[in-house]
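Each in structure tokens, the structures are laid out below.
Both complexes shown next keep chain A, but they swap its partner, so chain B is in the first and chain C is in the second.
== the complex of A and B ==
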């Protein structure tokens, strides 16, 4: 028995622990398959329910359907699974940045169900963020099951994300790129292979379950020299729409937070309004893939004015759905708004320059999608590769790169943080690998505290302090209450120089008379940035750490800088 | 000492009993309690390998305007200065992350709503997950405030039991109360257990503080529980083995907590205790 166990442990160690690449590839493919299945299940469920509800859309009461879905979704998220609402992607980024990718198990299914209720009933949102959340949580929990460390867990979160995106769009490269560009934020060799395999696994699962169905049929299109100028102008237009969409989305959420109403009533208000909008403009309903396909295939026959109204309606409907209690993501709405933007631009171009000889309206719909993804998410590579995979070729790579890079740059210029990152940045929680904030947050305060400090009690004579000074290099002395044992203050050599140079004072004053009791103290709950701020405010190089009135130790700026350098080397050079 | 105990305050009569128990524990071991008055009905503990969401019922949020006053009054009664915990990080706007950088955590046997029966019953799933992943011992308070006069450590020789012994010794040292050890002999003689303790660094401290080491035969589990003084703090390790063994054989912890009304200090598999 012992022999079998030892042999098993030896094999496990050789295969997985010594070099974890194989382990990550195997665990990553499991994560990719599971998240791929989750994505396919959501997609099929949505298709079925949207198809079923389609027959009821002509009734007068159909405007209330999105409200019913939003209320059910809000109730499910807040009362049944108690998730704490959110769009999903920022939470995954937060978990990756701060907690080594730890995500709750319930997150692997909760957003799937809530977004099914929201989108299935007609709410304007996308299923991508829920499947990203679900895939990431699956990856995180697989890592938990195998007792993997933080780095390995983060890789598996990336695998789950890649598998989900790859599965829903049948686009493995877009899945890989989205995972690294948006979720992980760093291109590392050790991450890329498992994530790529997970993306392929996710796409294959999707293909195996629904071989005949891809979301958008591949549409190769031809572009010419005139399209370069068209692309540049479209990129500028898409950037403006992106910024407008991001701002409306955020303001809508803020407005909903300010209104003191129960969550379900807010969700009902948002849902009813979306339902009313959909009566005149059905393009706002659901995830909108069907309308995207129509635009790509040039079967979307609204006038230029109505397309403009559709763009605005979709922006408002998405803001009301997501900001007021519905569940889902902004990926699909970006695609719908992007394709509408492209169509609108093309119609405008044709109206102004009928003989311009530009590419088709469908081509501009695809370029508009790239523009919106690049602008709203500030993820240019995701935008490019998603459309490349959808069109099935590299013929349009030049205009795609142009639209993507200009739209993301201009959006970044106007709105420095993408929709996903904005909230995290405002909360000071956006800690990307290799950034200053991340390095500081990774430093552990307990590593910084010097506990072997010589302390003096407040009832000692100044001469006693001078005697101690002769035997040590220490330049600050914490003063402890002789009766209470509490921290009372700090003596700095620089501050007692005048007394030290006058031996006549040695037996005339007590230590408590020369200590500084006004200096700010830190506690173990302060983070490093707060401690650095305290040092800067007080213009000191050391801060005493005090807990429960007791002196714990001293933090010195030199020690912070030393550890910072070590961490910097580890995070930026070792990989 | 600078040991900190985290207490999630529930502004109800039952919550008062639990809090009194926490205050008493801190008073005895010279630790200080840090009180978190929740503002939302859930929070997250991020442990090294798991994120545990603790869902609170609405009674934890009742009368927030009086909660702080009640806590301060109880602190004053125990001659301790009040300390409150405010979460700094939030996973979602209504989902705060509560720090796990504490030395002890106090909670009732189950975090359940006011309609649940108060008493022994079972350990709730959330409390169980906290114990399984916590790096600190969890103080599971008795339903009614009950001072303790000795420390009883259940020692079965496992790694978890050794951690429990360390926690027991640490509390005995801090409180000056006598320490008793209770061991069920599982196909081993008494010397085996004595050797196990003697080999560890803790052995010397344990022998100095030990009042009596009670040994029982494997079948005498109930007799052992009967012998434990009702007014002692029981310290024990928990969830040292896998799920399958747990299901097949049942958990000793579950049996103990459903039989005795004592306060329990539980050390889980990830708990670490230093003297």
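== the complex of A and C ==
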């Protein structure tokens, strides 16, 4: 009996604990399925509510609909679930790099509901970032359920993200690539397989519930040699639009922060403005997939001037929706702006060179989408695979790669941080694995502090210190007040060497006379980065840690270096 | 603005060899003009911002050896300190307290209002532990620096009668070095110099012979030149 039990335990250990690949694959596919369902639910309910609200669009008060949605969404996020507005992707990236992918359970549904309210009522935003947030929170909570460690939890967050993107676009490769390129930031063998499986699981769920294969159907594109020149120019144009879009989005958010009004009033102002814009330019409404389909199948008949206005209107509407309290992502707006950009470019090209043997307007709409996705997210692979998968347009792969790489490179050149990362970089929270900032943020003071230090009281004679010196290798001595017990200063051997060699001084001076009381001290709240900065500005190798005037311990530069190196090795090993 | 390899090594706090290795490995944004290597400040700023590297081009960032971060004053020599306070032969008084009082009364550089405070500080220090270092010599000084004194001063005093001082070797004290410094750094330095001088036996016997002020200063000056620790 014991033999059977032991064998069973051994098998379980070998399969799941010793090597966690199987465990991650199983947990990852569960995460993929769950987040896939979440994504499908959001997509179907959005379709339903847009259909239902369509009947009210022609009333004069319809402009207020997005305002109602935005107010409800910001009320829900701030008061009910108490989470910040915005799209949530930077929060997921930060959670992955700082807290081992720890996300709250409520995040797995909060953004779904808020973005449903925002987008369903007509706000200009996309459902993808909310499902990313929700998928990653699902992955994180599945990891919690299985009692997994940080590294495994991060993989599951990636699985949830991949499943969500794969499901909402029915695009498994895009899900995989987005998850690794944007969310995790490192291509590791152990991550790729579970995430790939989760992506496929997500896509299968979506496929099972909504049978249609690709989101955007189109006629086969015929691309020729001339389109290479066309794509290069389009890529440059799309990069400009990307940078412009990113900047307008950020400025709008900053402006909203500066205005001191209750959140719901801001959301109402943003929503009403979007509603008013939509009166003249219905293309700005909602996630806009319907219009993308029209553009790809070349049923979109606006003049070149109106298309330009539409591009600007969509950019402004998205900035007002997301910056002023609405909830949703920039994926779908990027696709809409991208296809409008492509159409605009094609119309301009046709006007200038009527005889140019270029591909159709639909093909350029496709290329424009790639340009915008790659330019705004600075994730070229995501741009390529997403567009290929959602349109099934493999025949245009060469121009797609060209547009994607040029647009992402150029926008990276102008704006070094992508839309997702910029916020994190500004807050000092961009901590990719293996970087200095990441290693320093992972180290804690408690791991570095040396607490078993010999201290001396300030009323002792110098001779007493010399006697202590003879018995220890310690080279700095914290001085403690004899009355108060407080930290008073620090004695460094290098500073007292001169007096230590002169026995005539031993009975002449007190310990308190040779201590350095001007030295900056750290507290337990300081992070390692701040402590290293202190060491560099004061040019010292030791920093005493003092809390409520009490000496806690010392932090030494040599110790930081030791641990830093070990941490670097640990963070960069392949599992 | 253009920077050289030497400038860069200053700003980043590494040796020029390290800068050259980083250049070879393609880690720094460089603009070459033929053989000379220069860095454009704007390029570097962009590069630093992109890679979250702190790069401070202000002058404070350049490490200079002579920079004194705490703004402490220069050290005073023992000769200067003795010149300031002088030599006081035949100090009247029967015990430590009286001798100190008369000595302080003769110190012109101590403001009148603080004289009683200085006396109590000196006596307090003696109470904690005698400053008699043996061989008939003592170095009375306050434990807390008298900040009302303008600059470091050492008064060499001879009590009229050898003074029972509770010294380490029990001998009566015939020479007193009153050491008064407004700051700790000079205090420790002068204490160390005095201790150094007193290790020289011929100086000690010369000191005890009660020489003229000028001769004493000259001797101290010569001896101080050999001071080294």
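Methods note: the second predicted complex is superposed on the first by the 550 of 575 C-alpha atoms of A that agree within 3 Å, B and C clash if a C-alpha of one lies under 4 Å from a C-alpha of the other, contacts with A are read in each partner's own complex, and residues count from 1 in each chain.
Going forward, a residue touches a chain if its C-beta (ideal position, glycine included) is under 8 Å from a C-beta of that chain, and two chains touch if they have at least 3 such contacts.
The model shown is predicted, which means the values in this text are computed figures rather than measured ones.
Room for both chain B and chain C is found when the two structures are superposed via chain A, with no clash between them. In the superposition on chain A, contact of A:21 is made with neither chain B nor chain C. Of the two partner chains, chain B is the only one that A:552 touches; chain C does not reach it.
Look at A:524: by the touch rule set out above, it reaches chain B but stays clear of chain C.
Using the contact criterion defined above for the overlaid structures, shared-chain residue A:102 touches chain B, although it does not reach chain C. Of the two partner chains placed by the overlay, neither chain B nor chain C lies in contact with A:254.
By the document's definition of touching, of the two partners only chain B reaches A:82; chain C does not.
Once chain A of one complex is fitted onto chain A of the other, the partner contacts of A:437 are limited to chain C, with no touch recorded for chain B. For the combined model, the angle formed at the CA centre of chain A by lines to the CA centres of chain B and chain C equals 70 degrees after rounding to the nearest 10.
When both complexes are overlaid on chain A, the residue A:505 reaches chain C alone and has no touch with chain B.
Taken over all C-alpha pairs, chain B and chain C come no nearer than 18 Å in the superposed arrangement. Across the complex, chain B meets chain A through its residues 2, 4, 32, 40-42, 44, 46, 49-51, 53, 55, 83, 88-95, 97, 99, 101.
Every residue of chain A that touches chain C in the complex is listed here, in rising order: 416-417, 425, 428, 430, 435, 437, 459, 461, 498-499, 501-502, 504-505, 507-510, 513-514, 518, 536, 538-539.
Against chain B, the residues of chain A that register as touching in their complex are 82-86, 91, 94-95, 98-99, 102-104, 106, 144, 147, 257, 427, 429, 524-525, 527, 547-548, 550, 552. Per the touch definition, chain C reaches chain A in the complex via residues 13, 46, 49-50, 52, 69-70, 128-129, 131, 133, 139, 141, 143, 168, 184, 187-188, 191-192, 195-196, 198-199, 229.
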